[in-house]
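Shared between the two complexes below is chain A, which pairs with chain B and chain C, respectively.
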Partner chain A sequence: MRSPFRPDVVPDTAILADHKPLIRSLERRGLIRGSLSLGALVLLTGCDVKRPEAVESALLAISRLNDGVQALLFDPNRLAPTYPASTILRPPKFNAYYDVMDVKPVNGTTWRLEVSGRVADKRPWTLQDLRALPQTSMVIKHICVEGWSYIGGWSGPTLRAFLEHIGADLRAKYVAFKTADDYPSSIDMATALHPQTLLAIQYGGDTLADPFGFPVRLRMATKLGYKNPKWITAIEVTNTYPGGYWEEKGFPWFAGI
Partner chain B sequence: MMRSVPIRILLGSCFLAAAMNLVHAQSTTPGGMPPPPGMSLAESTAMRFPQPVRVGDLLGREVLRPVESQDILGRVRGLVRDRDGRIVVVVDFGGFLGFGTRSIAVPVDAMVLLGQDMEIVAFTPEQLRQFPTFSPSGTTEVANDTIIKVGLAKPSH
Partner chain C sequence: MHWVNAVVMLVMITSGWGIYDDDVIIRGFHFSSFWRLGDWAAWSLNWHFAGMWFLVINGLIYLTYGFVTGRFRKKLLPIRPAEVVQTVIDTLHFKIAHEDITVYNAVQKLLYIIVILSGISQVVTGLAIWKPVQFSGLVSLLGGFQTARVLHFAGMAVIVGFLIVHVALALLVPKTLWAMVAGGPRVTANSQAQAHQARQGHTA
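So, the complex of A and B:
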């Protein structure tokens, strides 16, 4: 039976066909796909479904809402599971947006960690400086958005210890990272201050090897793998949303586990 | 080992609608490419940032084909030195449901580490089928506590 509320002029059904590849790309998210009818798209986009950007921005709005919900659910005192040291995978699994042959090792003696934004002390850091901070070790699971995982053992100063040391504004919204392999990333301050968020400089008790981010990478027990930049060269504390490599391509920004 | 995606991530994913432009999440270039023509296996391993690994930790690992479907080619049965002193990986290769499997010897430099798995990057399954069945005579076993270096690759999916 035809709905009594059906408008006289309906949107062109070809619009749904136009966006089919986009909707198909969401195949693992059955709930969303199932609800992405023409009517839902119209609701989301204020009737402007003819522009592909409008559909994308509608979906991004859902993703941002999801980020907000995850941030609300995040408990800064709740710890992720840890594992015995005997379960550490040696060596760890390599992953990047390029293959291992394209890794460009960083020279640890000339390397400096730049510090900027809402911090009191903006002096650049050496690897020696990072080693001089109190060191924390954790054996945690690395969980990739692709579906694989492994248990790894990481050591280094907590990001909290580092941020407190440089006099960072701990009420700022974001901590942003730049890396030698041009993989910018950023996290929320609550996660930055979580006890299982490390500036990792060691793996399994040894200096971090080149393919895994020497001299320093981020390791968080509470976020997906792609939120952990390697070969970090700069850290900024900011209130301006910094985005990130995959996030600009549509991956969720909060990416909590 | 630990292949399954935690349910929480799946639940979280139900709420999100991102990842629109990418079907292949983390891959813009494929991993586990074969060595370029003319390059020796040792040279190609040197380009793959070989990492120390304990021989005993390699036993029983799945051996995958470096393609998106990550077909399982076999399992690591052991490591030996051949007559020339090169380290080769004895792989229980092929078969179906445990039947028809036979052991072949694959040079370790034809393989890479992929997390808990290994991959054969230098030979296709067709080439591997032509490999003779492994015979231990003339080879010496490599002790479990030996540390060897094996190249890396990013996931092929």
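So, the complex of A and C:
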């Protein structure tokens, strides 16, 4: 088919032949220059950088800086949006660093919650002790660092009520958790004292089911999902940075939302 | 500023693809590891959260410069629909000479405005999905967390679309590249007037 862009009057072939080398050289020069700058661009972005140590430590340094910025952005009095009970997802979404089939249920009657660190009363807790504290319920959004989210309904004592009850040093920096599934975690004290930070023992009005952390798990409305350890066995109040399972692998520690 | 932005944009886009792959928005649509920055989600995330500072700081300097010096008003406005149509027709006829690189044609103006707005929108939607509780008002304004997330993804698609056209055209008109590196010819009142005359001459 004849191109619609072709001129109606064809120029003299002699003129075309005359200009052909010039056009070709222009094109070639442009192509070389173009590909050179594209190459420079690729070099600048470090597309081929396979995480050398210097890059890694620079990124981690910025991540720690971001932890500080996030702590500043965190408003201890701001409440996360809550939702009607009818929107609660049943059962909740299961998520862990292993498959749901590999969950090892915890025996609620022999289970004890150890308490250590900067606290006055280090007696271990039973599930009945936790049930005896004033209970709070909240229907909040769970947001995963991967991007998915769902609405869940959680009940239990606030972590603040628990910390006050054991005479914890509320000016300490961190609250650290140990769990039955070997998933250590830790949070800042400001978030620990937030009214929407619960030691959850119920989901949607029922006792927490095994895959979701029975007998007790942490649920915070102001942090990403991976900051909420399940099957908690020990709580420590400390000024020494305790880290956490995903944090050791490079994920940000503060992870506030 | 342009090259800081170019590098940071590529960092943000490719690390964003790494984060996206952990929980895809479009079922079955992944980015292969060749295109992702960071060898898994944690490092893509760290790249993204490091790059954001450079993007925002560089962007703020650029916007301030553009508004304070009047560069945006002078170079990006006005856009006349007829000129846009004419430029598109010219381009389809491979008339992309771009004689005076200090004056943008109508399509360039339109695309530059779109990409600047997209950049701003990426920062806003990014802030919303980074801190959906602290900025919960912004999230509900955007239609919820998942909507904000899709908007953030769509903004990326617009910028990548722009990038492809932008880089292709810059390579076709190589003299612009040197101007981007070295600072380009001085834009004087005289050259603006000449360009204006030239345009008038065309239509006459």
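Remarks
Keep in mind that, in the parts below, the second predicted complex is superposed on the first by the 206 of 257 C-alpha atoms of A that agree within 3 Å, B and C clash if a C-alpha of one lies under 4 Å from a C-alpha of the other, contacts with A are read in each partner's own complex, and residues count from 1 in each chain.
Just so we're on the same page, a contact is a pair of C-beta atoms (placed from the backbone, for glycine too) under 8 Å apart; a residue touches a chain by one contact, two chains touch by 3 or more.
If you're wondering where the values come from, they're calculated on a predicted model, not measured in any experiment.
Of the two partner chains, neither chain B nor chain C is touched by A:Ala85.
Contacts of A:Lys249 after superposition on the shared chain: both chain B and chain C are touched.
Once the two complexes are overlaid on the shared chain, A:Ala221 sits against chain C while remaining clear of chain B. In the superposition on chain A, A:Ala132 makes contact with neither chain B nor chain C.
Once the two complexes are laid over each other on the shared chain, residue contacts for A:Ala120 go to neither chain B nor chain C. When the two structures are aligned on the shared chain, A:Ile143 is found in touch with chain B and with chain C. Residues 29-31, 56, 59-60, 62-63, 66, 141, 143-149, 246, 249-252, 256-257 of chain A contact both chain B in one complex and chain C in the other. Of all the residues in chain A, the ones that touch chain B in their complex are 22, 25-26, 28-32, 56, 59-60, 62-63, 66, 69-70, 89-103, 141, 143-151, 209-211, 224, 226, 246, 249-252, 256-257. On the chain A side of its complex with chain C, the touching residues are 5, 29-31, 33-34, 37-38, 41, 44-45, 47, 50-51, 56, 58-60, 62-63, 66, 73-75, 78, 80-81, 141, 143-149, 221-222, 246, 249-252, 256-257. Contact residues on chain C toward chain A in their complex (touch as defined above): 3, 6-7, 10-11, 14, 19-20, 22-23, 25, 37-39, 41-43, 45-47, 49-50, 53, 92-94, 130-134, 136, 140, 145-146, 149, 167, 170-172, 174, 177. Looking at the complex, you find that chain B touches chain A at residues 2-3, 5-6, 8-9, 12-23, 25-33, 47-49, 51-54, 57, 113-116, 151-155, 157.
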